[in-house]
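What follows is a pair of complexes built around chain A, which joins chain B in one and chain C in the other.
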Partner chain A sequence: MADQQKSKQNLTDRKPCLSGRGVTKVFGVGNKAMTAVDHVDFDFNEGDFVSIVGESGSGKTTLSKMLLGLISVTEGEIEFQGKPRDISSGAKRKEYWKNIQPIFQDPFASYNMFYKIDAVLDDCLNMRGFKSAPEEEKVRLKTEACSFVNLKYAELTNKYPFELSGGQMQRLMIARIFLLKPKILMADEPTSMIDACSRATILDMLLKLRDEVNMTVIFITHDIGLAYYISDKVYIMEHGKFVESGPAETVIINPQADYTKRLINDVPKIYEKWDLDTVARN
Partner chain B sequence: MKNTIKQVFHSGKFLVGFIIFVLILAICFIYPVFVTYDPLEMIGAGNFYKPGTYVSQEEAALNEGYTLNMDASESRLATALGVEELEKMQEYLIKYAGIAEKDIDVTDTEAIVELWQQNYNPDMKAKGLTSAKRKAYRRLDASIENAMKSSGVIIAEEDAESGELKEAKTIKGTGYVNTKDIVNKRTFILGTDNFGRDVLTELVAATKVSLRIGLIAGLIATAVGLILGLVAGYVGGVVDNIIMFLTNLFTVIPSFIILILISYSVGTNARGVMMVAFIIGLTSWPWTTRSVRSQVISLRNRDHVNLSKLSGHSMFRIIFTDILPYIASYVVMAMILQISSGILSEAQLSMIGLGPATTKVATLGLMMNWAMQYAAHLNGSWWAYFPVVIVIALISFSLNLMNTGLDQVFNPQLRD
Partner chain C sequence: MGKVMLEVNHLKTKYVTRFHEDVYAVDDVSLKIEEGKSLGIAGESGCGKSTLALSLIGYYFAPLHYMSGDIIVDGVKISAMKPDEVRKKILGNEVAYIPQAAMNALNPTMKIIRFIEDVMKAHNIKMTKKEVYDMARERFADLGLPEDVLNKHAVELSGGMKQRTVIAISTILSPKVLIADEPSSALDVTSQKMVIRMMRELMEKGYIKSMIFITHELPLLYNVTDDIMVMYAGQIVERGTAKEMVFDPIHPYSKGLMGSIIVPESGVRDHKLTAIPGTPPNLKNPPKGCRFADRCKYATPTCSALAPDMKEFDNGRTYRCLMSVRKIREVYENGGSAEVETEFD
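Take a look at the complex of A and B:
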């Protein structure tokens, strides 16, 4: 806990890792144009555990895909490590992807069901430059990664993804991140398809990753309570805009925006009557 | 993979279709092993000989033969005298010979013929017996006389030197020949066609060629459709627009019209079996492209594809490992339909005379074309076209049944 306090104190000292100015994404043209992300500014520093909180359809996943470089940015600029991000060619994109990796919401959809799970881990080793490493070395690295997420590699090898449980699949995704050790981890609601017990384990693993390799974790969630417990910084997103941002404690204890207040009120509390009056009726 | 195949063969529909198709295929390969005649040998000298066994007349006549105590005239009478003739005889006997109706039994051929022979008078003149009618009765009498004849036929041989005819053998009405004793004979199970070719042998050869055309056309159409669909769907943007523009162009103009135009412009000399297969394949890809494209579009934003991208895989690798396996079952189904429609297209093209311009090989469509040109459907030579229709129907039925079966296996919503 003391460590965490310390890390929160020197939040401002950290080097900027990923920042954006006026980042916008518009889908469609003309009458059908739909602005999913609307001129957002952000600064994610190295080693930050940042949460982006918002309800369904607020543009969280679109923003994450833009940050990952999977979809183009309509307007605005994204800076990576202080310099404008350049992913114009395939080689540059490949280089950028060594620094940013995702964990997706649905572990069942994250695997190619026609290939054994070894293929996923081998891809990571190839990306890290272990392509021609001896087989024992590869197995050692894979075993290490699996044990980091409490999985036994010997039991998983030669299995197909559909033979694993959802929790195991998601943990294996974290093992993948452990192998890749990217600078930024983009976790897009990684716990929403997982039961409460596995959720705690997975969050713990994400925190461990952050502490061990000074990874920047961008955690996307709709659960503001969860965001409060784990993050350094919180960005509240409503209809494609950031309505509030700042250190987690400031934002959640002293919310300024109405939307944040509503989000906080919507969290059911165990010893209180759930106040449904604030639920948006539109 | 093993499980999928097992599951596929558990589907009744697929199994029935598969068995029919394999049987047709097996016949195509096994039949020529036993029947080694050239399928296009013009063995008959006339048009459309009906199905049956043809034995050498000379051999039958000169054969030693056997005597059977079986009156040949009786069965000959039965075939010569139909219901119409018997009614005519009854009418004559009642009207002009004055025999009471109750004494005549129309069902007893022998009795009525006996009555006829006793009472018929060719020179009789009576009221109402016009000359036309009298002539008709004379013809009837002659045919009865002919059928009753059992006097025997004399076979004569010409003397090489004197040129005189010498009696060699007399054939009696009770003389029979065992077909096993005759060496020169040939059975045409489905008769012969307009060129005097054995229809069954020709049909087997034609089925083989048609299946080959269907397979080549189906493979080409599926390959072109698949590649264009994958590229259009995955790459998107301008490439997608260009490919879809082309595809829409081909879809809007009925592909059969394009098929006819290409087939016509290629010219008679170049229009071989392979050329026709290519033309069919190159005009029938648009709908495969469209459906593959839409499947790819729904796949390309899946998380596993994104993850593969982020792992630094190239576009080709992603298409082949992350997209193609997911649509493989669909592509197989599309190919089965393409093969079936390829065979039908060939038949259609050949029917209107734009199929393979060749007399070296037969195809199912060409057989239909020949039968139609020589008016087989008008002169009652059903054996020249009906078996062809049945084979075409069976092939496309079995392929479509296989497709439906596969659809039920791969599409869980259709499972019952």
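Take a look at the complex of A and C:
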């Protein structure tokens, strides 16, 4: 945990990596308009482990899709490395995606079932310009990536995705990130389909990515316990707005907003009493 | 000691695959639940938790096959009955089951009240529509569900509301045992808490007499159930009260599981999460010795040769390991390093 303390100290003097001012997303028009993300401001610095926490429907995933450039921003500006982000053309968007990569919630839906898993890793190598590299070099890189996530490449090669377990699939997604080494990793609920035991392994790997590759990790979750354990900075999201943000220790142990208090209250506890009567019956 | 509601003795069930291979998903499981008690079953994906739940309700339709053992629900031996007979006489009346994707169990074209009428029809209970409606309304009100839910379609309800509706429907005949398989895994924390609160009310108001709660969320089990049972590779490896299991696990696997608990409470950040390396064994041909031997950091060559039996200690706690409790505690205290020589007695 010394690393975490160290990282906490120089939270302020890191370079900004991704920041947004008044970022808004409205779905629909006229009287059917629905504001999913409502004028949010944020600053994610290089090497930060940031969590965005909120319940279902609070706009977490919409925000992540905007940051990834998968959907357009209705209003507001997103800055990438201090300059306004430009993804107006296909080529520019591709260039941007070299810097930001996602891991999604459902590992079973992240693979093309018709391709062997080698194809996933080969794609990454091609993207990084190893297309014409000798075969041994490719295998070496792929083996290195697999061993980073405690998988054995020799056991995985020539297999189809459905032959792996959910935990293995999600780890392979992280191996993919390790190969690509983007500046930012957008992890959208990467552990919610994984059981508690493999979850620890996945979290460790995300921390390792941050520490070894100095990646900025944006971790989206509804589990405030996870966010507390893993992140430097926490943003709490309610109905498309950030109601509270700050270092994890301050926000979770000393919550100010009622919404944060309720979220923390609703998570089952083991050291303190968990009061069931505080939740509404209907 | 209360009346025993559900008793399972040495239950063995298997799956038969398309290639006629046997997968021994539940292997020699024994358990007992008394009236008014709840039991939690924990374990990682693929350890046989859901198969155990299906086996307990006598759902022996291909590919699941019954092999041996007894299931006794309040004195009635359901393992000797035919699956169809179990479905007609036992399911709903005596044992209720909430599947993992209960939220998707509601037919979108039917109003909620129709499901309750269906339950009555399936169990040959003669009631007029008016009577059914009155009974359902009373039960729903008692459980804190709004009355207008009865006249809605499933699509009009939120996820948490759907889940609670399914629970209310499946317990409408006041079964003796409720088997809930991950009832809250797909919900956010607030809806989850509402579901848990409702399940506790079901117990307190006597609509259900006992409950089996299956989940991999250990902090949840700790708060909901009296006892916790840890399952690994089709076998029970440890059973104890919730408190004992979370703060004083004995079996190395339980220890690993409890080490993966994350809660938003001060001091948690200083803990190191323990992850258990490796994957569970293939149950097509389970290992001869201890099933956990490959992944256990305290394992010795004897472990992979000799299969441990369930042993009892203290007051009714059981565990499945070759080491004695005293030895295990010693090993854990010495920093749990693998260098500590493990002995057998």
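The working rule: the second predicted complex is superposed on the first by the 274 of 282 C-alpha atoms of A that agree within 3 Å, B and C clash if a C-alpha of one lies under 4 Å from a C-alpha of the other, contacts with A are read in each partner's own complex, and residues count from 1 in each chain.
The rule is simple: contacts are C-beta pairs under 8 Å (C-beta built on N, C-alpha and C of every residue); 3 or more make two chains touch, one makes a residue touch a chain.
None of the values given here were measured: they were computed from a predicted structure.
Enquirer: Identify whether chain B and chain C fit side by side or clash on chain A in the overlaid structures.
Expert: fit
Enquirer: Please work out whether A:Lys131 is in contact with chain B alone, chain C alone, both, or neither, and reply first, second, both or neither.
Expert: Neither partner.
Enquirer: Answer with first, second, both or neither: which of chain B and chain C does A:Glu249 touch in the superposed model?
Expert: second
Enquirer: Quick check for you: in the superposed arrangement, does A:Gly167 touch first (chain B), second (chain C), both or neither?
Expert: It touches chain C, and chain B stays clear.
Enquirer: Go through the superposed model and pick first if A:Leu226 touches only chain B, second if only chain C, both, or neither.
Expert: second
Enquirer: Does chain C touch more residues of chain A than chain B does, or is it the other way round?
Expert: C
Enquirer: Enter the shortest inter-chain Cα distance between chain B and chain C once the structures share a common frame, rounded to whole Å.
Expert: Across the overlay, chain B reaches chain C at a minimum of 13 Å between C-alpha atoms.
Enquirer: Which residues of chain A touch chain B in their complex?
Expert: Checking each residue of chain A against chain B gives 65, 68, 70, 90, 94, 97-98, 101-102, 104-106, 109-115, 120, 123-124, 127.
Enquirer: Provide the residue numbers of chain A that touch chain C in the complex, in ascending order.
Expert: 1, 4, 55-56, 150, 165-168, 194-201, 203-204, 222-229, 248-249, 252-253, 262-264, 266-272, 274, 276-277, 279-282
Enquirer: Tell me, which parts of chain C touch chain A in their complex?
Expert: 44-46, 144-146, 159, 188-190, 192-194, 196-198, 200, 216-220, 222-223, 246, 256-257, 259-270, 272-277, 279
Enquirer: Would you pull the chain B residues touching chain A in the complex into a rising list?
Expert: Residues of chain B touching chain A: 302-304, 306-314, 321-322, 325-326.
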